[in-house]
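The two complexes that follow have subunit A in common; it is paired with subunit B in the first and with subunit C in the second.
So, the complex of A and B:
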């Protein structure tokens, strides 16, 4: 306890010092190169401190640390909880931030002539620190302050390269989403405060029908930040606009911070306890996983594709948390335990492989100058190492054994199976069986999506000059990606170790559960051996086959089309065309074939084929909503005449009305 | 003179002076009346300090007389002279009619006391003064008069604080006073700036810069 406290205070101090140092350093130092090296190192050092703090929190008994008097918000002290949950999430934040830090310098060099990096370097440590504080905060007010700093610094970071109009639009949309999220959170917290009379999370125990109102408000607020369906629309807009390391941090970590709050408020404690809440979380998770992967399939921008995959993976995590709640209410404690462990494990795994993939996309962007899949191709030869790392990340996100994605999804399958076998009501059994189907569908579609992403980006022939002259990333960038890829493999091979770490968390949520390590039943060693044998045999066979049949050079049969060009390769659109047709209702998919010419049947002059898709939620729901608010805004703006006296009069009337209301309430 | 009686008569003087300001068009007189009002407030504070045997309150009162009763009006008078503004005819309603409007309004507030639940009886004069200050701000044409309106509003707040049995800490009072001092100086400078940019300080004409 005392060690944890001392370490916590020191860590807070050091991290604050790093945050404050970053600004003057970034302003003072001349030359972006030196600047980037020192500041990247600072961030690395800061994450080592965070990691140490997280590990201490994991190892020691839960403690709440309230800062002394002047550090308070009104009469509520700024207080932090050091327990296994915050420790776990601190470790996630620290690992990702630390492994991104070597990548920063190389990537920033590519941005330096377009953006003011001083702002970037000032906001980045603040974002990392504020994420840590959100995870640590012990009461609603501390949480909101840290949450706001996190939202605003991430918005600043998205706007780093603010020259393109799309980036500015994305920043505004993201800011809007964060405002709405905070509004919902504030509403939920105020409601909970009215019910309990305290701001401390640990003292909130609202159950029954009363929990539904504040619980849903908080859930929506956190869901917007987490990118859960139907509030995911900021993700695919903000991520392509942000610099790659920022996308990696936001998608890998910041989204998880909302998950951490969700676990603290709905699972451990729980602050809001109602059977329907678990079902809501589970349903939102199931829909967002399918929705996310479906829309990822039809994207042409590598980073937007990854952003939709974040929606999918957040859905998987939410499914784990929701299953935990549902199973706990049904009295299935082992299922609940495994589901929660699956969700939290997937938090770590997704953080690792999604940051890896975003860093890879950033390396492609920096090396080839574009992220548009229709302009890429053949990068595997020019960017060997990036390709290798990206492939490992893609295999991990597709949940292929023995990588880490498999480990957590395996646990998720196990919890669903356990629920399907153990649940008492037939409806629940059927739902769990259905969820197994959903998970399988999501896995298959994710696989298709990453076959497309890798195939179109790294294989085949370059589709543009930019892709032809792509350069491999520098050593620092590769080191960051390589470390993350190695972590993917390590986490895939060591699930028992991770489960041992998660054990106290699940124990806090489900008292009296057996040790979590028993949940991992797969023999990792044997699996690995079998895999190694298969891989070795495969490699041996191909090399032997190559030796027996040497390469032959011959002229391709061109079927009368003339010389084959890179445009005749399978493209991002054509690869997913069959899937688009199957799910044409979701995509509003339409194909339009036009053949022109005198004798159209045999000798057409011109053939054009276009396919269109529509982001249904955006156009059908958010579009009209936005128009409504714009109309309302137009009405309000009529008050803004520019007449000072009118403004003053409005203020006076407002004051009088407020006084009257206040008087009548009292 | 008892404490309550002193407060009541002091409040009455300030409110009457405030009403007077509403009905005046000459800038010079307005500023003089404002000075008188502030000086009355300051002297009342000194007297209260003597009655309550609080030397700090006496110091605050003296400072109020010096800053708001003397410095602010004189400074603004000099500004008005060099800006060349003599009269402020008000916006849409002429000040004499405003005077009667304000009088009726105050009388209504006193008689009906619509804020009975929220405010004690003793706070009414300060609310009245506050509303009068806002009225000056809303109905005057010149930027200078609006400064006066704002200062009257501030006087209303001051009247409220000294009306309370436990006055604010000295630090707060002096701090507010310093703010007023800085505010007046800044506002005077701003009036010059506005005059330089627009060649007048008529607020009704300040519409060209809106977005």
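So, the complex of A and C:
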């Protein structure tokens, strides 16, 4: 305990020191190359310290550390909780931040002539540190301060390359989303404070109908940050606009910080306890997962596609958390335990493979100068290692065994099957069975989407000059991706090790549950052996035969019509056309075929075919809502026209309203 | 000793039965169409011949094109080792989720290989395969999931062992029907696709392997044969849940006969039926999802 505390304080100080050192360094050393190397190394070192801190927290007994007097917010101390939950999330933050650090230098070189990297290098460590502080915070005020620093630094990072208009728009949208999220959180926290009289999370135990109000407010606030449906709209706009390593941090880690808070407030403790909250989380998760992957399918921008997959994967994590709550209320402790473990395991997995994929997309962007799928193609020959790493990440996100995504999705399936066996009402049992179908649908759609993404980006022939002259990323960038890809494989091969780490977290949520490692019943070793033996036998046979009769290289079959143009290849749109047709209601998919000419049937003069997709749910549903907010914003601006009388009146009215509210509460 | 014997039976299954099954389907089809047709063992000779041949590879192709047939074979063979055959214990105690996702992993590799050459044929095949999967996979998992929940265990060894219970006949028929339709879709068989044609409009599987030749093609053909017996064997196992048979030997013989019956079913359907229009394939697969959902409803109401 004392050792943990000493380590904690030291580590925090070191990390702080690194962050503050980074700022003057970046200003002083204006030579870009050396500068980037030192700062990337500093971030790596800071992550190692953070990892040590997380591991300490995982191993030791829970402790709360309040900073001494001057470090307080009013009469509430700045306090941190060191327990298995915060330890686990600290490890996730540290692993991703650490593995991104070698990537930074190579990537920043391609941004250097467009953006002021000093701001980037100042905001990045602050973002990492503030995420750690959000996860650690023990009371609502500390949480909000850290949360705000996290939101603002990430907004600054999105605006790094602020020349394009789209990036500026994305920054504003992101800022708006964070404001709304914070507003909901503040509302929920104030309500909870009014009910309990304390700001400390651990002392909030609101149950019954009273939990519904503050619980839902907090849930909305966290849901916006996590990018859950129906609050996901900002995410596919904001995340792709940032530089790739920042996208990786935001999609991989920052959305998980909201999940950490959700687990702390709704699962462990729980601060807010009501049976309906679990159902709300589960439903939001199910819709998010399908929605995210459906809209990912029709994207043309590689990073935007990945951002929609974040919505999908957050949905999967929420399904785990929701199932845990529902099962716990039904008294199914093993199901609840497995579901929570599935959610948390997927937090780690998604952090790893989504960061990897974003780094890959960044390498494509830096190497080929575009991330528009319609202009890419054939990068597999030009960027071999990026291609290999991206393929591993894609297989992992599609939950293909034996990679890590499969391990967590399998646990999720197990919890649904367990729920379907154990739940008390037929409706609940049927719902759990249907969730299996939802998960399978999401898996199949994700696979279609990533086959498309790899196929159009890395396979076939280049569709543009830019893709033709693409360069492979430098060693540092590849090292970051390679390490993440290796982690995908390792986590997939050793699920019991991860479950052993998660065991204390699930125990805190479900007291008296059996050891979590017993949940993993798959014969991973036998499966790997069978896979390896058959693949090796086949490889041995074909390589022997290949020596006898070497391969002949020839063109792709063009039916004898002469050389194929790269434009004759499948495009991002045409690959998913059959699926668009199946979901034509969602996509408003329409085809228009026009044949002109004298004898139209046999000798047409002109054939034109157009197909359109419109994300109708996104445009029609959210369009009016956005317009409403814009209108409200325009009205509010009128207050700020510099008229001092209006300001005074506003202040007076606010004071009166607050007094009235305060009086009515007393 | 007995365990070694059954392991041997297993390996025979994986090694011999698939090609024999394909031969049987072709032989029956030839007879039904009034042709003499090739011998029952022709697929074996074809396999041996293609293995010895050289390979022509497109200059556009990357490593995925070479690795995919091996990865696909490994995944299908591993799944084959997970499914208990007529009460014979399987060497690997896999469960339904692992099996479906391993098969998906094989499809992932073959789809990438189809896109690898930049050929539009391969791409159309891969695109259609993906479209079929998004309905077939949920249907298969829901149907098998209903059986697993019925048996309170998701491992094949547990829920494919006849245990009786209420409504098992209806459950077996519903899940079996769903699995049959999924198998037809996944294997590109009638009425989804005609396996005997190249360069037809509905082609799925045949389009994907247009660029493959020689050893590569031999591995693919073998994998497809293995997947055929795997999925149809699964259908047979599900249907046999309705008729609990006591001894393993009787069970085994009955399931082999039933598998031969499915071969006859394939031959007949490929002789008398016409292919569905590609646009109507989703309709057919929604029947599979419907059957699975009904099985789920039955299990949920009963428990």
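Just so we're on the same page, the second predicted complex is superposed on the first by the 585 of 666 C-alpha atoms of A that agree within 3 Å, B and C clash if a C-alpha of one lies under 4 Å from a C-alpha of the other, contacts with A are read in each partner's own complex, and residues count from 1 in each chain.
The rule we apply is simple: a residue touches a chain if its C-beta (ideal position, glycine included) is under 8 Å from a C-beta of that chain, and two chains touch if they have at least 3 such contacts.
This is a predicted model, so every value here is computed, not measured.
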{"item": "Which of subunit B and subunit C A:445 touches, first, second, both or neither", "value": "second"}
{"item": "Which of subunit B and subunit C A:70 touches, first, second, both or neither", "value": "neither"}
{"item": "First, second, both or neither for A:645, with subunit B first and subunit C second", "value": "first"}
{"item": "Touching partner for A:512 - first (subunit B), second (subunit C), both, neither", "value": "neither"}
{"item": "Comparison of subunit B and subunit C by subunit A residues contacted", "value": "C"}
{"item": "Which superposed partner A:660 touches (first subunit B, second subunit C, both, neither)", "value": "first"}
{"item": "Residues on subunit B engaged by subunit A in the complex (per definition of touch)", "value": "91, 114-119, 131, 134-135, 137-139, 146, 203-204, 206-207, 209-210"}
{"item": "Subunit C-facing residues of subunit A, complex", "value": "377-378, 380-381, 387, 391, 395, 398-401, 406, 409-410, 413-414, 417, 420-421, 426-427, 429-430, 433-434, 436-441, 443-445, 447-448, 450-452, 454-455, 458-461, 521-523, 526-527, 530-532, 534-535, 538-539, 541-542, 545-546, 549-557, 564, 566, 568-570, 574-579, 581-582"}
{"item": "Contact footprint of subunit B on subunit A as seen in their complex", "value": "640-645, 648-649, 651-652, 655, 659-660, 662-664, 666"}
{"item": "Partner subunit A, residues of subunit C touching it in the complex", "value": "51-60, 62-64, 69-71, 73-75, 77-78, 81, 91-95, 97-98, 100-102, 104-105, 107-108, 111-112, 115-121, 123-124, 126-128, 130-131, 133-135, 137-138, 140-142, 145-146, 148-149, 152, 154-155, 210-211, 214-216, 219, 278-279, 282, 289, 292-293, 296-297, 299-301, 303"}
